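I have placed the structure first, in the form of structure tokens, so that the comments after it can refer back to it.
First chain written, first letter: the chains are A, B, C, D and E, and each begins at residue 1.
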Amino acid sequence: MSRIGVFVCHCGLNIAKTVRVSEVVEFAANLPEVVIAEEYRFVCSTPGQELIAGDIKKYNLDRIIVAACSPLMHEKTFRKVAEAAGLNQYLVTIVNIREQCSWVTEDEDVATKKAKALINGAVYRARLLAPLVSRFIDVNPEVVVVGGGIAGIQTALEIAAVGRKVYLVERTPTIGGHMAQFDKTFPTLDCSACILTPKMDAVLQNPNIELLTYCEVAEVKGFVGNFDVKIRQKARYVDHAKCNACLACVEKCPGKGESEFDEGLAKRKAIYIPFPQAVPQKPVIDRETCTYFIKGKCRLCEKICEQKAIDYEQADSYIEIKAGAIVAATGYDLMDVKPLAQYGYGRYPAVYHALEIERLFNSAGPTAGKVVMRDGREPQSIAILHCIGSRDKNNYEYCSRVCCMYSLKFAHLLKEKTHGDVYQLYIDMRAGGKGYEEFYSRLLEEDVKFIRGKAATVTHRTKNPEEEGKLIVEVDDTLTGKFARIPVDMVVLAPAMKPRADAKDMARMLNLSTDKYGFFMEKHPKLAPLSTMTDGVFIAGACQSPKDIPDTVSQATGAAAEALTIVSKAKMELEAATAMVNAAACSGCRNCVTVCPYSAPSMNEEKGVSEINEALCKGCGLCAAACPTSAIITRHFTNEQVMAEMEGLMEF
Amino acid sequence: MQNPYLPMPVRVIKVTTEVDTGEIKTFRLAFVNKEDEERFDYLPGQFAELSIYGKGESPIGIASSPTQKGYIEFTVQRAGTVVPGQVTSALHDLEEGAIIGIRGPLGHPWPLEFLEGKNIVVVGGGFAFTTLRSLVNYMIYEENRRRFGKISIIYGARLPGLLCYKDELALWGKRDDLDLCVTVDKGNEAWEGREGFVPAICKDVAPCAENAVAVICGPPIMIKYTLPVFFNLNFSKENILTSLEMRMKCGIGKCGRCNVGSKYICNDGPVFSLAELDALPRDF
Amino acid sequence: MDFEPKILGIACNWCTYTGADLAGTTRLKYPQNIRVVRVMCSSRINPSFIFRAFQLGADGVLVGGCHPGDCHYGTGNMYARRRLAITKKMLEFAGIEPGRFRVEWISASEGNRFAEVVGEFTGQVKGLGPQTKLKIKTD
Amino acid sequence: MLRKIEQGRFGELIEALLARGPLYAPVRDDRGVNFQLIRKASEPTLDFYNTLQSPKLAWFPQSEDLIRYRLAKGETKGEAISGPVAPTVVLGMRPWDVKSLAIMDLLFLGGGKEDPYWLEKRRLTTVIGYGLASEEEPDGADFFRTLNIGAADSDGSDVFLLKKDGDLLLEGITERGKGLLGELTFLKEGTEEDERYLVAAKAGGKDRKTRFFDLDANAAADKLKAVFADNTFWEKEAEGCISCGTCTFVCPTCHCFDIADETLFRDGVRRRFWDACMFTDFTLEASGHNPRPRTFQRLRQKICHKYSFYIEKFGVVSCVGCGRCTRLCPVNIDIFSLVARAVNL
Amino acid sequence: MTAFKDIEERLKEKAKDLLEKGEVECVFAYGRGYDERHPRPYVAKTKEDAENLVFNEYCTFNLARYAVKEPRKKIAVAAKGADSRALVQLIQEGKLKRENLVILGIPAAGMVDAKSGLTLDEKTTGAFANPVVYDVLLGDKLPEAKNSPYEVLGELEGLSGDGRWEFWRKEFARCLRCFACRKACPMCYCDPCFMDQSRPRWADKSPTLDGNTMYHLTRFYHLAGRCVDCGECTRACPVDIPLYLFHKRLAKDCEEMFNQAAGMKLEDKPVLVDFRVEDGDEILL
């Protein structure tokens, strides 16, 4: 037999106006196991709280029921009162007789009847409530940031700035990401390198940042506050501890490979640094193109290296890191446009994609900043095709957001560098963002030919002499309503930004959900855009959705703050109303393991029963309803408690 | 005829928490109706069904002795590990003044005639000491004491905090007409008594089998290791008694649940000598 | 006096229950035959709860959860949808008027929707009359 | 005393019995014949060989309310429901089923404690046994002859019923039976010829062929005790057993029951209802310990209870060879051959 | 179609072979019962045991029910169409490992329930003639039934709601609570079953109509999308409750709503522990 106290609130007239409180109190007082039932004008007021605390002691109550406003309003308040009076907070039951009773009817009888029923339900349930204690776990103070693009760099710097240790994991030999490939950035047209390289350098200099380039995340175990991250260090065949970055080896290397950084428009050595300002400045050997690895002889670099840093025997190695939080900033890939045969990329040398153009503009690029085509000619007319794969039901339905702006940037730079005709073929011009619209208007002044319509095809099939030797872009001009053929020397495609090819694997490792394209899902699109369904794992930048640099950087800063809120605490409270498994009743059907979005349940194979990691459990009860033997007990919402409440609600 | 399925109302007049885990409590019950009290005529070793309407019934050994007038006592352990048993946890929630039901007395008592004139060795472990406590209190009751020979008691628990009836043990300890030996598997700083497992203690107490009967109750593991000790001391199987735990419902040998061999534990037991148990199929 | 049905509501904490509160704070009026049980997520609902509710004498059962995709726990209501769909089919095949059971996705901002749905559903159940099939006979 | 009535007037007999009080009799529905509480005179039938389920439900219903209570503030009072049992007639019980009553009496009225619910119904119920007519062939699963039960034994019945050509013969066995027949004035006197027929039928019933082996109860009891520990034997026998309760529920001599409180809102009843030693949790203790966790142990308990323990305790086999358990076993486990194998091991 | 006798022979042969070679610890098949019409589930552990195996039209048992109790052993199981689906379903649920199973597939038509005398076909249960997964096939493949196994539902579906309730109420009222249905069901491997729980007590422990209804409805639900229509529950029922009708209906619903039938593909996930973003709300109407 429990000793229940019921407190019915008038809430001034909010409740008392429609609910006959004294009648309800009398009803409650006569229920079995109810020791005392009281009413008060404002139970949430200080005297009201004192009334409860007093009665808990006076009648030594072991359950209290407060019939007042919604639990979402004052549950916390009354839980505090109970705790203060030495009663476990989970033994408090709130009955919502305001929002869901007195406020939604004018009929006194109806409201009073309902209030009684609701309280009766609470009494049935309260009897079965059990005290719960929140548990605390230690939090590892360090953070892992995955991805060394501008997003990752920014996040790492922010976290390091408050003195927390950060591991910055980058898959390529250098940090910098796509931004390092850009020449200028819209709309301000300031040089990308000039604003990025100082940050890259800052990363290198920062004692709190451990830079792990040429590394990949191999495995992630554990949970918020206690992640175990396994990192694979790909073999560089150069011992960076010894290397003094003289780069003499690069000089001598006979090997030739296509420069990934220059999008294959230029060559690089087999031992190389991706680009002059790369961080770190120390080279790696690319097995595929290295003469020694191919032919078994050469070893020139080894001979030249005074530091004896070259080590052909080097193998992949693994680094184990413990971290309290993880930020995924893995960025994006540019869509491969070859499959879109109608645009002729790969078939016509004069068709380029956006990143290639960026490199052409760049003074440190393959053409030293001159816009010349693969055949060496300078184009006299250029068409820039928007929305290649974006806003396209057959490919990517979404808008990639940055193409309009960089296409305008391209137009501007092409004008500057070629004096040729520049055509913009766009569906809609999207210039939302600080200074973007202005930039657009400015371009309208620069005699760029804007054609509203999505390019249909790019072909070399000519129809008249003046088309000779040119590429013809066919387009429906939706403004004139005419079908146009535009002969040009050069075609620039603005392909969709898409998730990284291996985004799904990363998602699996971090237990993130992805949208239908493969971008990482945020916990809530509006209110938790940087958090994910996995506590302690945050996302920043284009791995969540296409975005420009300013958005990326602000997200990165936000993600840093999110990560810090976790690692800045030494301990962390866990949800108390979690689920647990009654092993004796578990039939090992694995339903819980299959359905849980947090991977809280797991199968203990030799016992043949499932076990729930309460640190991961959020207490939603999904598993409990999936459990055929009701072996899973969702604390505070047990089958017994819920059904008892139903019984009470249905009695009168 | 009195309906054996209908519980008699009893009032809880005292609740004692026996162990510091709170998992074992002793309930002192007084009959609401005089005639029921007279009808409830029991001896040590018998049990009763405690009934709480809406929850059910639970068979519990009687922990008090008929020599204690005006009330009966039951020591109840909260059953179930993860999911607490309906009845026992309801019992544990009882407060003084509450009214519950009782059916009984049920089963056979310790064979007192057989014990008369003999030296009695009482061996108990943990919570299973309840009906032994009843037996001891019965035997040391002044009018009864001389009917029995030497009384030695060996009682053990895992930890000092898990010993039941601490005050009573203290009183017994002061008496010179019985030898009390209380032990715990593992003591603590406050603990001054003996340390060691019950079987080991039995070994070095080494009660003499001469005209003696050993009455042993405890967890299976304790029984398992204690019996050999007594065999070595030449106690015959006829002279070793114990009480069986079995799931019971009706308590009057009808429902079949406690059937083992030709016996219905609730009705033909729960008290048996080892000799009798040997005659039963090993199915309990 | 005409028939006043007993309706059991089971609402998820994050969306529908909050939506119901909103209906209150905006002082919308709707029939008070419904009595709401709060659970953390619609995926907590075991179909046996529904059967039990009818046995306890509910004339109708209304389940409310977040809109698919907005589940506070990500995918909870996706599973709930399948379970409750089966539940509905079962009731129908057992001969219980399917109109007595309804699942609605009502977000925290849809107070008016909550009021509407409850009003509509209550009317519908009224029309069906007392639920006597699964109800446990108490004499 | 011997009375008779044309089979065509069976309905009148039923009418008369219904007029006296509650009547259980065999009724045929789409699934077969079973004993039911009769409402209309047209319901009962005598055209059956054996009922699917045993008639024990007339004395030991599948579910029986013992106590009614209401959970209240303060004391919760319970009142026993020993509802006034009216004088009842059970008509059409086959000899083996009649025999089962005596076997059940030993348990329900023995052991020094009487079960009031069983006793009350036994005291007030008249049994009309129903002999197997000579032309009716026993079912292949039956083995009542092994239990030394004749197809037309009348002992245990108050009135014994037997078909003869177009007639139904009714023999008064006990005083109560004779009293009943006396009240049924519309019955005709039985003739000498009927007498002879009856005697012959009873004798003939003795050696009616069913499955048979020579069973010495006490020897079997000892043998089974000896075989008890032979796990391999029992594991093999039980390998098909799915541990359901069918055999026990249809058995006329299975008596196990459970007791539970059923509460709705705050009103409840304490109820007893059939339970089965074949169920996994039959012996499961609150501690989680289960002395019979495995299927073979439960099957062994059931067999030995009937063919060993019961004999040792009460001196009789707790089986009448009605063959119901065998007929209805989902996996065709056959107690007859099982026991035969065990005994001849 | 291969004669039952020949299947029996091949069964013996194969079993002997497997046991001799020690490729399996035991073979779950059928053995002689107390007469021809009443065979029994039989476990052959030695090649001598294998001699005792039988197969005839009365060998209706779904042996998956026994296999699931031996998740770790390497075993062989004789499996007819529905039985093999049960095995597949159990593999999906992680209860059995494919690599631990040697499935002795038996294409069988015209199996007969000895008790009712009914043939197993699309009008009753176990219509599936050919095993869906097997290691060896002990007979020639058979043509699958043309008619949908769901046609038999027509009559019941034709009734009004009240009619259907009346039907099921009568049936549930018969229930003895012997639990033969759940004990015979290969998918009801739970021990304890939800019915054995005391907290909460989902249904009256005593056999009341309400308790029976709760038991059966909940069990039906637990088998939704898992039931392979082997019909064991119905054959096992001593009072002949046509449980298969409800199971069939839920199987039909699952196929319609989630287009997936139980136990057909090893890589499937049971429909109720799975979802698709495309699942529409129309299924709730």
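In this section, a residue touches a chain if its C-beta (ideal position, glycine included) is under 8 Å from a C-beta of that chain, and two chains touch if they have at least 3 such contacts.
Since we're looking at a predicted model, the values are computed, not measured.
The chains that touch both chain C and chain E are A, D. With contact taken as defined at the outset, chain A and chain B are each touched by D, E.
For the pairs B-D and A-E, the larger set of C-beta contacts lies at B-D. One inter-chain figure worth recording: chain A and chain D are separated by 71 Å, centre to centre, where each centre is the mean of the chain's CA atoms. Work out the mean CA point of chain B and of chain C, and you get 52 Å between them.
Rounded to whole angstrom, the centroid-to-centroid distance between chain C and chain D, based on C-alpha atoms, equals 48 Å.
Rounded to whole angstrom units, the spacing between the C-alpha centres of chain D and chain E is 32. The multi-chain contact residues of chain D, meaning those touching 2 or more other chains, are 71, 258, 260, 264-265, 288. Shared contact sites, meaning residues of chain C that touch two or more other chains, fall at 47, 52, 56, 75, 79, 83, 136. Shown for chain E are the residues that touch two or more other chains, namely 191-192, 194, 199, 202, 272-274, 277. If you check each pair of chains against the touch rule, the ones that pass are A-B, A-C, A-D, A-E, B-D, B-E, C-D, C-E, D-E. Considering their complex, residues 156-157, 159-169, 194, 202, 210, 213-214, 217-218, 220-221, 224-225, 246, 249-250, 253-254, 257-258, 271-275, 277, 279, 281, 283-284 of chain E touch chain C. Listed in rising order, the residues of chain E touching chain B in the complex are 198-199. Against chain D, the residues of chain E that register as touching in their complex are 33-35, 38-43, 61, 65-66, 114-115, 174, 176-180, 183-184, 191-192, 196, 204-208, 232, 235-236, 238-240.
Taken together, the chain D residues at the contact with chain E in this complex read 31, 52-53, 62-63, 140-141, 239-240, 242-246, 248-250, 258, 260, 262, 271, 273-274, 276, 279-281, 326-328, 330-334, 336-337. The part of chain C that touches chain A in the complex is made up of residues 6, 8, 17-18, 20-21, 23-25, 27-30, 32, 35-41, 43-47, 49, 52-53, 56-58, 72-76, 79-80, 83, 115.
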